Every structure is written in C-alpha cells, then in structure tokens.
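Note that the chains take the letters A, B, C and D in the order they are written out, and that residue 1 is the start of every chain.
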Amino acid sequence: MESIFSFCFAILIAPLLPAVIQKVKAYFGGRQGPPLLINYYTMAKLFKKGSVYSTSTTFVFRLGPVVGCATSVMMLLFFPLAGIAPLFSFHGDVLILFYLMGLGRFFTILAALDTASPFEGMGAAREAFFSTLAEATVFGILILFFRITGSLSFADFFAGTQSLAITGAYGAQLILVIVALYIVMLTENSRVPVDDPATHLELTMIHEVMILDHSGPDLALIELGAWFKLLFYSAFLSMLLNPFQLENVWLNGLLFYAVVTFIYMTIGTVESITARYKMNMVPKFILTPFVLVFFATILTMELIK
Amino acid sequence: MDTMFVSLAVILTGGALALLFARQFTLMKVATIATTSAGCLLGLVYSLSNLLGNTGTIEQSWHWLHIFTLAFKVDSIALFFLVPIFTVAPLALVYSYHYMNDKLKATRTAVNYFFFAVLVASMAMVVTASNIITFLLAWEIMSLSSFFLVVFDYQVKENRQAGYLYFIFAQGGAMILFAAFAILYRYTGSFDFDTFATIPESIKLLVFILAFLGFGSKAGIFPLHIWLPKAHPAAPSHISAIMSGVMIKMGIYGIFRIYLLLQASTPLIGEIVLMTGMVTGVLGVVYALAKQDIKQLLAYSSVENIGIILIGLGIGMIGVSEQNQTMAFFGFAGAFLHVFNHSIFKSLLFMGAGAVLHKAKSKNIDQLGGLMKRMPVTGRTFLAGSIAISGLPPFSGFIGEFLIYYGAFHGISNHRVPFILAILAIVSLAVIGGLAAACFTKVVGLAFLGEPRTDNAAQATEAGSSMTMIMILLATACLVIGVVPEPFIRLAFAGIKDIPHISGYDTQSFLLIVRHIAQTGAIFIGLLLLISLFRKMLYIKKKIDSGPTWGCGFTQPTVRMQYTGTSYAAEMIDFYRPFVPVKKIYTGITRIFPGKTTWNTTVEDVAEINFQQRLIQPLLKILGKLRWIQHGKIQLYIAYIVLAMIILLLFIAVP
Amino acid sequence: MIVFSNALLALTLLSVLLSLASHRLVALVKIMAFQGIVVSLVPLFLGHHMTMGSILMLQVMILIKGFLIPGLIYVAVKKIKIRREIEPIIGYHASLFAGLIFIVVSTFIADRIHGSLHGGQVLLLITAITTLASGLFLLMARYKAITQVIGYLMMENGIYLFGTALAKQTHTQYIVEFGVLLDLLVGIMIMGIVLNNINSTFDDVDTALLGQLKD
Amino acid sequence: MLEFTCLIPIFTGVFAMFLPVRFGRGILVVTALLHLQLTIMAWMGKVTPGLPQYFAASPDGLLVLLITSFVFFLVSIYAVSYMSETEMTSEPIYIGCTLFFLASMSMVALADHLIVLWIAIEATTLMSAPLIFLHRSKSALEATWKYVLICSVGIALALLGCFFIVLAMDIGNVEVPITFSSLSLVASQLDPMWLKAGFIFLVIGYGTKMGLAPMHTWLPDAHSEAPSPASALLSGALLNCAFLGVYRSHQLLYQAGLGDFSSNILIGFGLVSMLVAAIFIFNQTGYKRMLAYSSIENMGIIAFGVGIGGLATYGAMLHLIHHSLIKSSLFLSSGNILLGYGSKLINKTGNMAKLFPKTFFAFFAGFAGISGFPPFGIFISELLIILGAFQQGRTISISIFIVALVLIFAGAARLVMKMSFGKWDEEILVDEKMARVLPSYALLLTSIILCVWLPDSLYQTILSAIAMIGGSVNG
C-alpha cells in the first residue's frame, strides 16, 4: 500500500520539480520566472490539442513517445523512493531497467529519424553517441554497487545491512559515484552543459531537436517521460546523498523529497552559471564520470593494502 | 543417433534432387526445399527431444580406409548446437523460394541448393564428430560447400574477391587446426577426442591457442574476421543467414569443444578468450556502425555478436578456473543462449536485408529510406530483429546478454585479474549494447524510415510471401523468447549439462529471476498498452493533420537533405579513431568560382589494412623478387644442380 | 701396362684442357673424337681381365664415341655453318685457368678418397673428376647448343672413367657399357634432332635465344 | 612374363609409327587396355618377371605401374579425341613415342637392377622428348632442349651415384647382384660413406627428373609446352617413376642404417620444392605452368612425407596415388581450356563456369582436390603427413610445410578463380566434347572412390612398400 502511494506520489510530483529549476534560473537571471505549476498547465494544454503529423512518418513516430514514457515509468516502478519498498523488485532488475531505458532511447531516436528531417537526424546521432558513453558509466556504478551490496536490485541497494550510504564503509567511493551519477544525470536528461533545452538554434540541440515534429498529446507524453526520468535520477542521487534513515515513513519521505528538490536546485544553479560545452568537448565531459567510477571500483579491489 | 543420420540422408537427398531436377526450375525448388526441410525438421525433433529428454551421450562409429574410424558422439553440447542448424536451415530454404527466382540461373540455383544441403549436413557432422579425422573431414566439407555458396553471384568482381578471401581464411584456418590436432595426436597417439585431456599441461595452452586461431578464423574473431564482411554481402541473403546465423558458430563450437576436451587448468585460456571477445565485440560493432552497406553492417554485427558469445565463454572459463560455479554456469549458459538467439535474429535481419536488396535494388543505406511504408512486413520484422540484436528487452537478445551479465557480475567477487576482467567484460558489454543500439537505429531509421533517397527505393514493393512468412515467424520468435524466456533458458541449461565442472549447479533460484524478468516484460508491455490506450483516448475526436516535416525554416527541403548513415555515425566513429581509420578524399575548392568538388569518406578495417600492408604486400614483394630464380638461362639451371650437389657433398665431407 | 694407362690419362687431361680453350667448333669436335677414343681405350690398360665380350664392347665403344657421335656432331656443325663460339659466358683464358683449378681440386679430392679404395688409381680418379667437372663447366659456360652437347659428352666420358676406376667389372658386365652407349647414342641423336629444329626455327643455335620460357 | 608390359608398347609403337594414321589411334587404346590388363594380372600375382636378375615386381614398383597404366589408359582415350580436334601433324610420331614412353615407364616400375633402373629412367627422358616438341613452336623447342639437356645431365650424375653404390659394395666386400632386392638384404655391410655419396648423386639425378627444387627448372617449361595429354602423362606418371628411383635409393640407405641422413636430405628437398612452387604460383601467368609448379609442390610433399617416415610415409604413398589421378585430370582439363580459349595465359581465359561448364567442373574439382579438400584423397594424405611429422617431432619443418601449403593454396586459388569466374566476353573456339571430359571425370572419381573405399590389396601393397623404409600406419 505504501509502495503504491509512493509511486503515485512520485508520478504526480514529477512535473512539479522541473519548475524548480526554472525558478532558480529565473532567480539567477533576475526574473520572476514561471509559476511552479507551469508544467501542469502545459500538460493540460497539450492534452487538449490535436496533432499534426509529417507525411514522412510511420507508426514508429507515434510509438516513440509511448515507449519513451513507458520506460521512464518502469524506472519509478522499480525504484525504492524514499526507502519505501518499490512495487516490483528482484535480483537483476537494474540490468533490465537500464536496458529498458535503452529501448526508450531506441524508439525516441527512431521517431526522430522517421521525420526525414536533417536536424532531427543530427540530434538523434548525438543522442545515440552520448548515451553509449553514459551507459558505460552506469554499468560501472552497478559494478561498484554489486561489489558493495552483492545485489543487482535497486531495492537491495538501499536496504539491508550494507546499505549504500555516504557515511558507510564505502563513503569515499560513494562521493566519486555521486559526482559521476550527477554528470550522467545531466547527460541523460539533456541538461546544460551537455545540452541546452533553452537554446534557440536547432543545430546545437540534442534532445529538443529530436522532438521538433511531435505535437499535442504525443509531445505531452515525451515531456512526461523526460520528467519521470529526471526524477528517477535525482531520486537515485538523493538516496545516495542522504545518510539518514528515519523511522517515521512520513518524515523520511519529506527528507527524501527535500534532498530531491535540492538536487533540482543544483541543476538550476549549474544551468545558470555554466554555458553549454562545444559539441566536441561533450564526449570528454561524459567520459569523466566513467573514469571516476572505474577508479572507485578499483579502490574496492583493496590492492592498495 | 540413427534418426540423425536418417535426417542427414534426407537432407542430402534434397540436395541431390536439386541437381536432378535442375531443368525444371519450380519443381526443383519445391522438391529440394521440401525434402531438405523435412530432413532438417526430423533432425530438429531428434535434437530437441534428446536435449530435453535427458538421454546420456550416444556414440556411433564406422571403420574407414582401414586405419581410420568415423566416430560420432552426441552429448548435450552437440545437441544444443544442432538446434540452430536445423532451425535456421529450413527457414532459410523456404525463404529462398521467392528469393531465388531468377530462372536464367537455374543450374546455378540447383548447385546452390545442393551445396546448401551439403553445408547443413556437414555442420551437423562437425558438431557430432568425436575424433580428429571425422571432425576435420566434416570441417573441410563445410568450408568447401560454403565457399560455393558464397560465389553464387560470381559475375560481380567483389563477390569473387570475397569468395577468394574466404577460401584463403577457410583453408589457412583448417591448416592451423591440422597442426593443433597433430600436436594432440603426437602426445596421445590416438585420433579419439576423449584422450586429449591426457597430454602434458604445458602443451595444452599451445594447442588451445592454435585451435583458437583456427576456429577463430571461421568464427570471425578480431583480427581474423576480415573475410566475414566481404563474404556475407557477396552471398545470397538466405546463405548469409545460414552462414552468419549458424556456420560461424561452428567456430565457437570448436573453441568450446577443444576447451572442454583439454581440461586445462591454466586460467590464461579463459583470459585470452575473454579479452579477444571484448576486442572483437567492441570493434565489431564500431565497424558495423561505420558501414553503409546493410549486409556488410550485419556481417560486422555478427563479428560483434561473436565477441559477446566469446565474452560469455570467457566468463565461464574464468569461472571454472576460479571455481566460481555461478560465474561459470551463467557464462556458458549465456553464451549458448546467445548462440541460439543470434542465429534467429541474425537470420531475420539478413533475410530482411535480402528482401530490401531484392525490391529496392540496393543495400546501401544512403540509397534507401522510407521502406517501412513500402515494405511493411519486412520493415516491421526488421525492426523487431533490430531491437533483439541490440539486446533490448523485451526481445530475445536481452535474455542471452542478461545471463552473461549475471555471470560476469558474479565474477566481481573474485580478486585481481579475474576481477578486473569481469569489470571490463561488463563495461564492454554495456558499450557494445549502446553502440549496437546506435548501429541499428541507424539501419532502421535511415533505411526503413524517412523518405526514399532514390527512385528504386521509392518504387520498392513488399517481398514475396515465402519471404515475409519466414520473417514474421522469426520476428515472432524474437519476441516470444524475450517474453517467455524460461523454456529457452532451460534449453541453454540443458545444452551445458554435460560440462563436467558445473554439473549439478542448482538453477532454481535463477529460474525465479527468469520468471521475474518475464514478469517485468509483461508489466512493460502492459504499461505500453495502457499508455497507448490513454493516448488513443486523448486523440478521440481530435483534429489530426498531416503536412510536411518542419524544415526549421528551410522552405525547399529535398530528400537528399536527410541525414545520411555516414553523418549519423561520423562522431561515434571519430571517438574510436585510432582503431577505426577513416579515409577522406576531398578535392578541395580551388578557384574563385568553385567548380564541382567531391568529398568522400570510407571507413577502413584496421585489421584488413594491416593484413594488407604488413603481411601481404611484403610477402608478395619478397616472392616477386625470388621469381628471379626461374630466369630461363639453361647454363645457370645446370649451375643449380652443381650447387645442390656440392652442398650435399659437403654434408658427407664435413662431419 | 700401368704406364700406358697413365699416358692415356695424361692425353685425356690434355684433351680436356684443349677443349676448354678451343673456340673453333670443328676443332672441338675433333678433340672430342680423340678424347672418346682415348677414354675408351683406358680399361684395356688397367690390368683387368679382358674377355672376348669386353673386347668387343671396347671396339663398339671406340666406334661410337670416337667416330659415330663426333661424326654426327660434325655433320651438324657443317650444316649449321657456325664456326666458332663468340663471346662465351666465361672467356677462354679463364676457362683454361678453371681447368687447371679443376685438376688441383680433383687432385685434392682424389687424395682424400683414394685411401678407401682398393686399386689406388689416383691419376685415373683425378682425370675422371677433372673431365666430369670440365664437362659441367662447358655446359655452364658456353652459349652455343653444340658446345653444350659436347660438354655433356665430356661429362659422360668423365663418368665412364669413374666407372672404370671405381667399379669392379664383375658387377657391371656389359650392362653399364651397353646402357651408357645406348643412352648416349639416343640422347645425342635426339639432341641433334632438336638442334636441327632449333637451327631451322631460330636461325642459330645460341642458347641465349632459348630464354623465353621464364617466370 | 611381366616384361611384356614393356615389350608390347614397343612393338605396337613401332607399328603405329609406320601404319596409316587411322590405325594408330586404335592401336594406342588397345595397347593401353592390354597394358592395364597385364598390370592387373600382375597385381593378382598371375604374372611374374621373366628376368629376375634385372626385374622384380616390388610393391612400390607395382603401385607405380598400376598408376601409370591407369592414367595412361584414360589419357589415351582423351588423346584420341584431342588429336582429332587439333589435327596434329605428326600423329604417328606422337602415338609411337607415347607407347615407347609407356614402355620405358613400365620398365622403371619393374626394374630391380640399379643400372637397368637408370637406363629406364634415362629412356623415359628420351622417349618423352619428342612428345614435348611435337608442336615445333619456338617455345616448345626451348622447353625440349632444356628438358633433354638438364635431365640428361642430372641422370648422368645418377649413373655416377650407381657407380658409388657399386663401389660401396666393393669396399664392403659384398658379392651380390646389384639389384635393389639383393642389396637391401646386405645393406648394412656396405660402406657408409660411399653409400651416402651414392645416395646424393642418385637423389640429385632422379630428383632432377622428379622435379625437386632446385633441379626442377626444366619442369614448368616442359610440362606447359607439351600437348596436354603428354603433360598429363609427364605429371601424372613420369614423376612417379622418377620418384621410384629416389624412393629405392632411400630404401637402400634406410636398410643400411643411414635413414636419418637420407631422410633429412629428402625433407630438405621437399621443403625447398614447396617453397619454390609457392614463389611461382603467386602471380603465375600461364595455367599450365601453374599446374606444373603444383606438380613440383606435390613431389616436394611426397619427398617430405617419405623423409619424415612413420605415418607420413603412408600419407606420402597415398599422396602419390591421388596426385597422379588429380593432376593428370587437371592437365587434361587444361587441354580443353587451351582448345577452347586458344591461349595458355590465364589472362586470356575466364568465366569457365558459364562458358565451359563441364571442363570447369573437372578443373575446379581437381583444384579443390589438389588443395586438399575432401572428398578427394589428398585431404587424407596431407593430414597424415602433418600428423606424422608432428609425431616425429619435426616441428620447424612441418611449420614451413604448412606455411608453404597455405601460400600455394592462396596463389593457386586466385588464378583458378580468375579462370573459373573471371570476366570473359569472347567466343569459345572449340567446344568441350564428352570424350575429352569423361577421362578427367573418371580420374577424379577414382580419387574419390579411393578416398571412400581403398581396396584391401592396394592397402596391403602400400603397407609392404612403406615397410621397407620403416613406415607403418601405427607410427
């Protein structure tokens, strides 16, 4: 029951949090910024609309948003938000989940290519490229977590005796992991400095350019999927950052979402104070977390003794 | 065992029928396809029933040429490898009914069917052979018959070259195998496979490396893969399907079999296999990404999948030498399952590529596009195959990779070298997965989606019914294996049950995980349907327009402006540059009013270049210089004789 | 008797040296005829027991080696109308010098091996080896096909001398001589026929023209 | 009277030279048949040599005789059709000389006496020379000249070798007839140094005839310039006869306890031959020359196998058989190609698969066979040689062997594929006829049959042949 509630709450709150980012950015820009509920309004607006489809497209174009959204929801279904046992969990679920995310990306890319637009193709190519690099980091993190907890399940990562906490025995490595995961989050969710969703030039975009031709409810689904995915990553980071496990479920939840909000705020801060990297610098940026994680993993080998 | 030989006899009869009825084209096709397929199905039933029915090993032998024995032995490994042989072969044959429809080439088609049957029979013999002679005999017949299949379209120069290259690699590999087996024979004095474990430990590594090279040249390990991306595009598509889907697995079978027979204790073997697997996998997929020819791309993708299978085997072997049963079990099981899965989806993809080639008259991605609308079945099945080969759930490819991941993750508990190797294996699997997805989004996205780039592509129509039927069947199989994986995982488990080191491993807990995976797949599909339904609801009574793709303000878009395969892959290729050299030809802009200029890039295979530049060219140069020997002057010819005589006489005089 | 044989051997050596230095084909043929007769006579003075048969064989041998074969070659030379070997591969002086070296080397070899032999016919061995080597030398050092035939003939003479020097006659009765003669005869005839054809096709018998077949 | 195998061809040959042309062809085939019949009778033990002091029916000789006779029979059938196609000018000479050639080869196979063997081998040179220069073209003359001169020089050296062996008898005070059969009984009493010297000269001499490098120089010229049926005989039958000379000498040394010495020499010659063949098969321009070099290679393989001893010897003997069958088939096919395309150059041929299907089938199957693919017997023989060599621990030489095999395969495959599948748009001059294809098929089929079912008597004969140099199938 708790699990279902937690999941539903996450689904509901996911659109709210990105508004925090916009607020922070507005603050840095000296503006007031949109209201916090802006994304709900956007949803409502998009759901009401019809769509225009390109004559080039096929069913793949329509399937893209659905698959993308579904894979993001899957992540939340398996993730122990606020330490509450997820709806589903088994040994090995992380593998299938990250691969499902790959499936989502697969269809997003295909949907973009389906439009026959050179710009969307460009975005698709970059998406495919950067995600292959990010994927290596993610699996590096999984290796480390398996080394520490002996499990391959989100639920087990954050439960039991050897739970991953920054105050635990592997705290030092976890700091590296947190930095790495943060960068992966920025990459996977197309944030600055990898991608700039707010830019005006299609040639320099990655994710936004891929969804140029989507409209109406399809676009809404894509946006939803993106928010869920961002929530998933911040929740993941939050679970690692937050060293406290409070007895009270409600308080614990509150603390958890506080940390999540904090992470969103940092994203906003980063976006405000850094500029997007040149495209050819991005791979280096994405490789950094991989190196960090690999180093952290080697540390666990206890060769240094 | 008798059943298998009966099935082989039926298969060969099918082949003979092709030659017999060569003049009546349709009758020939029907007769040979029906007979050969029937033989294959009989064999399939035999292997499946024995594999799942827990019958022990069965042996049979005949005397041959006074001093030899033709010995066959069927254990679970052999039976497992029989399954893809007998599965893919009939499907490829039925597919070929509409694919091979050029009546002008009737004789050649008949010969093709004949060698197809021979190839199938010889592959079945390879996996069941249980002594040196039998094995090599079957191996050589396999090489020869597949060569003829490759050079089917010999008018094309590239195909001849491909056939030639394949021929060299086949024979060169076979010679190395001869050497490996001869060393074994030296120490055992017996042709029998079962005696191999008795040779001195120090020799085992040498033998294994030789065998690894020999078998690897067939399997396509890096850098011995260079024949593969040439031969597969050259062959007709159903041949590519069986070669890529099944025949190269014979190399894997050989590597695994020799590993089992040697029972070497050195961990080096597993490490070599694993590292080769990683290099093969990553480079294979990078090259696949770089290629614009669909069939060449698929061939490189086969190299990649061989890499994945070898990673699995390597994990298993390291597991054995580390006495980590979980690692060993899942490494082997994953490799086995991937062998089977790959044979399914790679056949599907090659058949799809064949249909495209047939109807759109090109296999170059940059000349295709928009085929999903024109060839709906081919497009959809190809999409399914692409998802499967990228290892994405809920399709079949994921399951095999999951097992390997599972084994590799359990290798993390080791120390030192095995630990690092396990990490590297996982990371390279992840990288391979990502790149494979990139690679196949490229194929599907550019060849099947978007707008046609040429008139031929625009005029393409759906392929013949025998072809689409088979592709639908295979695509369904990809999905079914992904959604209901348990029977297939059990099949893989049954396949490895005769491996001594891991017998008795308890699989119950894992089967639970498998059920969970199936469940997750089901949840995902449910979710997908739910969201689709939601989307449908949102669109009720909504206005749906259609118009051109938004050109970002550009008002006169043409189909030539679409992103091409080359540009799609360019950045990713660049990342791996030292291993993936790109040759650029750019004529440049010279005058004030620039004339026509060209820009051309080709990605070259680093193995091929080095093979050419470091081995072949120097060799030819040396050989060319030595040709002076035969200069045509009789006086010097006599001098040779005198010289030889003097040198030999010194042999007596000196000591 | 031994002295006689030594004299014959010395004559043989002389003929060998002459042939190496000779540049006129007709002279070469005449030297070969002389050498053939001398070589055939050698067994007579070696002290072997001579039977009726071997005497007969001796006569046949003189006939063939001394007259028939040189005669054939002479006819060929006349027909081909080539008088001399111009520009040999190895010059005449150098050839003569090589001949001397052959004698020295063969003396050395004969010295090394004669200890293990019964008879101890050192000079015979020297002559045999020198003749053999000079024959091979002619084959290698001359362009004209006819000179090569002569070289071959000389080589056979050397081998024949070897045979008489080394082998006891009891083992090899007639069959050696018969075989050698037959082969020589047929061989020279066939060479002659080929030569004739070469001449009519190429208008020369220079083997420098026979270098088209090569890789 | 086994000597009839020599006498009959001589008589019929003389007749053929003087009788009108139309009888000649009949005489050729009938003689071949008679010869084959006699040979088979000899195999059954029905006919024995009449002059035991000179001739003997040794197992190795019988083997060579059978191969010679069989190949000759099929080649003569081919030759009849070939001659009528080419309208050969000197047909009686051809028929006569082929028959004399057969006689001399039979004599080699049966000879037991050292000198008789020598005479017979020299006779093969002289009898086959007219076959080569039958066309009287410039290149044919050149080839003949080289053939006759080089082989004569070589064989003259072999005579010296015979003398040395006689000398070895003298020094060892052995009083037996100088036949191989009686010498082998007393071999250990012979003087080892002179025996070695004798062996060297014999191997140089007969090796020249056999085409062992570096004495092989005449072979590519002669085999490529001869008319194809003659090439088939030269490669398929004559080389075996020369090999017999080498083999007998090796046998003698083995029995004298000097097997190591002669083995090493044979292995050396074998490897050098294979490497030389590899050099020239790459970028070869003429297909008949390619086949000739392939013969050099295969003779090298046989010498290598015999030198290795043990199991490899059995392989070498099988190789001898299969090489003769397949190589003569290839040469017969090359005759068809020459008729069809009118050129010996590989660049002037192509697309046989389409234009010349029957010959293509024979040619390509022959190529696969000679490269060691099953179901042809060379697969077995090469495998046995490799197994045997490793068993004897000759790792370095077998490595060279394998490298050479791969090189040769790579070189030859390129050429054969060019001929078979390459582009060719011009007309075919002379169509293939069944009579000119069937003999090739028959030869190939025989190789396949022998790979499936080796008759017991053949097997036993090979065993007793190799037993004399210590070879056996049990290592």
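The rule is short, and it goes like this: a residue touches a chain if its C-beta (ideal position, glycine included) is under 8 Å from a C-beta of that chain, and two chains touch if they have at least 3 such contacts.
Note that the coordinates shown come from a computational prediction; the quantities given were computed from them, not determined experimentally.
By number of C-beta pairs in contact, C-D leads over the other of C-D and B-C. One finds 31 Å separating the Cα centroids of subunit C and subunit D.
Mean C-alpha positions place subunit B and subunit C at a centre distance of 69 Å.
Averaged C-alpha coordinates give centres for subunit A and subunit B that are 36 Å from one another.
Between the CA-based centres of subunit B and subunit D the separation comes to 43 Å, rounded to the whole angstrom. Counting only residues that touch two or more partner chains, subunit D has 145-146, 149, 153, 157, 193, 220, 280. Residue positions 136, 139, 148, 207, 210-213, 215 of subunit C each touch two or more of the other chains.
Looking at subunit A, no residue sits in touch with two or more other chains.
Applying the touch definition to all chain combinations yields A-B, B-C, B-D, C-D. For subunit D in complex with subunit C, the residues that touch the partner chain are 113, 115-116, 118-119, 122-123, 125-126, 129-130, 133, 136, 138-139, 141-146, 148-149, 152-153, 155-157, 159-160, 163-164, 166-167, 169-171, 177-178, 191, 193-194, 220-221, 224-225, 280, 284-285, 289.
On subunit B, the positions that touch subunit D within their shared complex are 65-67, 107, 133, 136-137, 140-141, 143-144, 151, 154-155, 157, 160, 163-164, 167-168, 171-172, 175-176, 178-179, 181-183, 185-186, 189, 619-620, 623-624, 626-627, 629-630, 634, 637-638, 640-641, 643-645, 648-649, 651-652. Interface residues of subunit C, counted against subunit D in their complex, comprise 116-118, 132, 136, 139, 145, 148, 152, 155-156, 159, 162-163, 166-168, 171-172, 175-176, 179-180, 182-183, 186-187, 190-191, 194-195, 197-198, 201-202, 207, 210-213, 215. Interface residues of subunit B facing subunit A in the complex, by the touch rule stated above, are 369-370, 372-373, 379, 383, 387, 390-393, 398, 402, 405-406, 409, 412-413, 415-416, 419-420, 423, 426-427, 429-431, 433-435, 437-438, 440-442, 444-446, 449-451, 512-513, 516-517, 519-520, 523-524, 527-528, 531-532, 535, 538-539, 542-552, 557, 559, 561-563, 567-572, 575. Interface residues of subunit C facing subunit B in the complex, by the touch rule stated above, are 89, 136, 139-143, 148, 207, 210-215.
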